[in-house]
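Both complexes below contain chain A, partnered by chain B and then by chain C.
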Partner chain A sequence: MSIDTAPGASANALDATSGAATGRDILHRLLMTLGPILAALIIAGCILLVVGVDPLAYYGYVLEKGLFSPLGIQQTLTRMAPLLFLAAGLIVAFRAGMWNLGGDGQFLLGAVTAAASAPVLVQVMPAWLALTCSFLISMVVAMAWSLLPALLRAYQGVNEIITTLMMTFLGTSLANVLVKLVFRDPGTTVPQTRTLPVEDRLPRLFDTTITSGLVLGLAAIIIVHLVMTRTAFGLKLRIVGANPRAAVHAGLGVPRLTVAVFAISAGLAGLAGAVDIIGVQGNVRADWNPAYGLAVIPAVFLARMNGFAAIGFVFLLSVLSIGGESAARRLGVPNHFTLVLVSIMLIVLALAEYVDHRYNQSRKA
Partner chain B sequence: MTGLFSEVFLGALLFGAVTAAVPLLLAGLGEQLSEKAGVLNIGIEGMMLAGAYLGFLGAFYSGSLWLGFLTGAAGGIAVALIMALLCVRIGLNQIVIGIALTLGLEGLTALLHHFQFSRSYPRLPAADATVIPLLSDIPVVGPAFFKHHLIVYLAVALVFAMGYLYRRTQLGLNLQAAGDKPAALDVAGIDVIRTRTIAVLTTGALAGLGGAYLANVGAGLFIPFITNGAGFLGIVLAMLARGRPVWVLFGALLFGVCLSLTTAMQVAGINIPTDIIQMLPFLAVMIMLVLFGRRASLPAALGIAYERGAR
Partner chain C sequence: MPADKRDIVALEGVTKRFPGIVANDGIDLSIRPGEVHVLLGENGAGKSTLIGMLSGLQQPDEGRILVDGKPTPITSPRHALALGIGTVFQHMMLVPTLTVAENLLLGGPWWQRPRTEELEARVAEITRSLGISVKLHAKVSELSLGEQQQVEILRAMVRNSRLLILDESTSMLTPKGIEELGALMRRLVGQGLAIVFITHKLKEAAAFGDRISVLKLGRKVGEIPPERFRTLSEQEIISEIVELMFGKQKDDPEAAERPTRTVRADAGPLLQVADLAVAPTENAPGLSSISFDIRPGEILGIAGIDGNGQKQLAEALAGQRAATGGSVRLEGTAIEALSVGERRRRGLRYLTDDRLGEGTVGAFPVSINFFLKQVGASPFWRGGVEQRAEIDRRAAQLVREYDVRTPSLKTPVARLSGGNIQKVLIARELAEGARAVIFNKPTYGLDLANTLASRQRIRDTAARGLAVLLISTDLEELLSMCDRIAVIANGSLVGTVANADDARTKVGRLMIGLAA
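Up next, the complex of A and B:
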């Protein structure tokens, strides 16, 4: 029951059009990116009007809080760290034609693992070693969580969209169980894990509040991009993504590669959870689920699965989510609006691409 | 613990199972129809949420459950219209648009709910049941299966209507051809785009109806993210049912029991954390997929947009 609408296929078609980038090409691409974003802002603004919120005031507030205030931009850059890891994981999966929609479950289990292990490990070994171990354990746990969907897809052909989604529902609940029952800090009344002391967390960059996790995130997504575009391994994965049947005939071990893709993708999602805990939060509270995994999906699509473009869109998403959180407190517009805005962006962009494609075809004909 | 196997408990469990199964049944039947016609509908969760929200609005302001079901179905159709336009008519990627629709509707319904009801959380009065004479007098089973809102019986009847549609009618054959070999359908002079559009819109109506039932009858109120994966469970049902509507019914009842068990165990005061109980239905899904996933069959052209003359 595999379905041949590989996400990589559409990306490859897009890549094909980008040969030598001339000035006009770049302008065209910029227009094709900014135009839909603007259109989406206008459509989403109409929704704000309907519920009685001044869209200009809202957008202004979001930009001010997420981008132009010194504290806001630092928070935005800090928020980027986990989002970049998640985006990197999605790029691997999507380019290889696999819909890993289980990012949230993998993220939360990674986060809980980090929160459980780091405070214990820092007491017995030097901080740098403790944090590294914590990162690694989180990665392995998240990888293990993706094993069942991976095996089902690789050897039974069971569609991974459903299995990863189901594993996310399970993972979210399991993370809560772990926080409340297993790793609960006995010293607090609110159910939460033990807190990693601030001095043991990832260092902050220079004199700011920005976490150095940002650097790790940037490194992760750039490495992923380079591996996918410049190495033989990346090429293999893209072939699997473009046409699994052709990949079999090319002698590639598709089942093994499938498991590898899931492991890498989930491992990065687990690292995202770890970087958020070890770098920023310090602990996991019960019922904490920021649902970054779902929010990042549109950003990766908008970036056409290109690592560098994804950095830009993740930044945009960060601004929207940090600004949106302030706006939720101050203007009473719940955070859900960001979700609406991002999905409208995705639809408008897909539409714009179609129109553009059609226009090019008719010009050639 | 003593109440676990009492008649009252069992009755409540089964009644809850049927109530929980109806939205899954409607979503599963809808997804099955859409998949048969070649459109993988990941947006069904969004369609259910639209149906739940608008269905609640309709029932709340008109005071009539039936009007609520109608507005719910209309809400589902409205979302399906976007899907039909983008994925069937102009052939955009069904999975990308489906995800976008689900995410968008999750956000939109939560947003609108926040501005309208977040302070009051109004509830609808309990739905009046249509009691089927004689059958409902059977102990335990009777009240559990034969004292439901009329729409529940209609939903079960729909299972057989769908079976008839697929086996005995021209439209049913056309729908399946649109999913298996759209080019052949085109050559036969039937409009593939129109056939698939009909399927997607009907799916929207069924999903919207399921959502409306979930909010109006199941919960009696609308809360954000109320579907909690019901649409995705519908997709699983459609996958495992191998094109047979009756299997969707059985599957929906099975998952319904799991969902009902979660609430029943909480009510019975069994000392298991809610988070563990909540995992039950999804665990059941994974077990089913591990056991039967391989045997699921899907139409050949599922997920592939049809473009006339394209190679």
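Up next, the complex of A and C:
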């Protein structure tokens, strides 16, 4: 045909222009992220004003305790370890279009399993092997907990949002029962599991109090990111997520992939529980439920399911939650205000996106 | 060009740019009541983009649109409807989980109860005049694409538009359906409506049009106004268009003579289907005792009105739909129990007619969409790791070979024009390793040159000793390519005729329910 060469020529032209465009794109993206966060801080500040707390004092305190004090930043980085694992699990599930909202149940069961197994195992084998085994068992238990929603979704098409939420209710209760009735430490009066001695826990990084679980968490989320973006397996999951009918048409084994996604996602949530226990807490107290799983969801959305961006947002979340806990004690603002803040951010971000879209449309009109 | 008082809608110097491409470049167009304005142009020439701006989906970057002589920015599809512009888009825009009736009622004021009875009466009236039948209470996802297209046409008509835009609305109709739609268009313009009609079939343009505009690479390269149009014969019009579009003269481009391919009569069948059955659903026919053999090098055509089980047949063969009985053999081995992926590995290929619904992942780059069915296979993946360079190299090769017009390999495939997405699918299915290929409407949405090229590719495929099953609603296409043509009606094959001189009449008789 006469115009055969056109596509090649224009392709090169575009590649040149797209380079310049991406620079502007990144700037725009950055503005669209930071602007709404600022707006959310202001709105949350107004709420604080209404309840009679000086917002500047509150934010100052959060920043100081969560970011600028040496102890605070170490706590923040330590808190990131389980959150990163949870975020990694959510990225896998969300990219594959499966809404695993059962992270908390899977997390707690992983935590209880770790707390039950690690103190026993360290007595019979070298510490590194014991901890590894403990991690693996926690992962398997959490995976098993996701099996029912996975099978229901894969073979019956039952909506996983409802089933995973139900399983998380059951899972938290089960974890509690296990702590109180099965793995309870006979040596203490408060109901809790046996405690992993501090010297057997994950080592700390250098001379700080930061757990080396942080490194594991970073590794997990980066590996997940690379697998999702660079491998055939990740591409298959993304196809299932982006167009399930195309996945069937392309001959992918969608049910098997579905089960795999749930297993990976839940396994990572189980590891999150284990890393928190083996690295930091040492035991599980009855009725302990930090609800990290739910808190991480907005962070993953804000990061648009990008692993590297998720690291940033998890850091932000950690600062807010560590700082918020201190501020709660000092200023009497409830602990959960952190969640209020995060959700305001999410809403403002969504609004900003909508307005941006409308603006682009009307500018051309 | 000064706006004419007779225009109900006029475009003045309208330009629309997308990253890497000028889709419309300073286009003037006048749309008048009582006229069918035919828009022609190659794949990617910018026809759908122009329609997108008329129907409020997109805004021009430069130039303006006049409605009733007044410059009017059309800001949203709702606004377009309010202005009396109804559009049937190239790709289906129905909500698959709702019924046809619910889809037709969408967009009514939210505080009012949907007026179902009124709708039914109106629909009955329109379908009668159109000679189509529409299952109002069927879920859209159960309908074939051809049936969905009819619903789309119906939806635009129900709304009493002053300007009706049809973007390739004949692409899935049978010759009879096209004739009826054409007659309806003539009646509507007779009543004073304006129609914009996009097609790739030049005969339709000559038969139903009053005015023709030709786009090429985003620019308007020619127009035949009604005064001239009326003085020309069909042949003159077609050759003038061909010259405008392709810059070269060809007498009747579609009349490519049937090749004298010789199927080796002694060869055993390559694809054998016996007593294949699929259970019917409430609104879609099942299949009952479908049997046929295809020998190496042979092209078997399936003719019939869309929605008579073609989709079910193709999907059952490909393994996407559970069969309730019967056997499918490829090169002698039974494959009816195998998965989709396994059948493909054994050399069975299926070109779907639903390019956006299941054929591609719209948000993924063009390059990846070439390999959707090979994810994990070397050399594009090694040890499960993506080989970006290898993928891009091969994709660039396919883009060149199949003339896919795309700004870059990274462009999300849904951004391409309809015909160019189709080229991506064809390229994918004809790649190495095929033994038997099912083509479901392979040339749907392709422009003339690409249609001819693709037909030639399919013939070449067969000539290499592959078995080809060609499903199409376009009788010309079947007659120009097949060795035998079977007719499907209501889920069973009602007859098979050899493609000899009287095939057209015989197939026609079978299609209207008479014995051949």
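Throughout what follows, the second predicted complex is superposed on the first by the 337 of 365 C-alpha atoms of A that agree within 3 Å, B and C clash if a C-alpha of one lies under 4 Å from a C-alpha of the other, contacts with A are read in each partner's own complex, and residues count from 1 in each chain.
In the analysis below, a contact is a pair of C-beta atoms (placed from the backbone, for glycine too) under 8 Å apart; a residue touches a chain by one contact, two chains touch by 3 or more.
Note that this is a predicted model, so its numbers are computed, not measured.
In the superposition on chain A, contact is made by A:232 with chain C only, not with chain B.
After overlaying the two complexes on the shared chain, residue contacts for A:249 are found with chain C alone; chain B is out of touch. For chain A, the partner touching the most residues, choosing from chain B and chain C, is B.
Residue contacts after overlaying the shared chain place A:182 against neither chain B nor chain C. By the touch criterion stated above, A:71 is placed in contact with neither chain B nor chain C.
In the superposition on chain A, the residues of chain A contacting both chain B and chain C are 1, 3-4, 7, 10. Listing the residues of chain C that touch chain A in their complex gives 19-21, 58-61, 73, 75, 217, 246-248, 319-320, 339-344, 350, 352, 357-364, 368, 372-373, 375-376, 381, 384-386, 396, 399-400, 403-411, 449.
Listing the residues of chain A that touch chain B in their complex gives 1, 3-5, 7, 10, 47, 51-52, 99, 101, 148, 152, 156-159, 161-163, 165-167, 169-170, 173-174, 176-177, 180-181, 294-295, 297-298, 301, 333-334, 336-340, 342-344, 346-347, 350-351, 354.
Listed in rising order, the residues of chain A touching chain C in the complex are 1-4, 6-8, 10-11, 13-15, 17-18, 21, 230-233, 235-236, 238-239, 242-243, 245-246, 248-253, 361-362, 364-365.
Residues of chain B that touch chain A in their complex: 40, 42, 82, 86, 90-97, 99-101, 103-104, 106-108, 110-112, 114-115, 224, 229, 232, 235-236, 239, 273, 275-276, 278-279, 282-283, 285-286, 289-290, 293-294, 296-298, 302-304.
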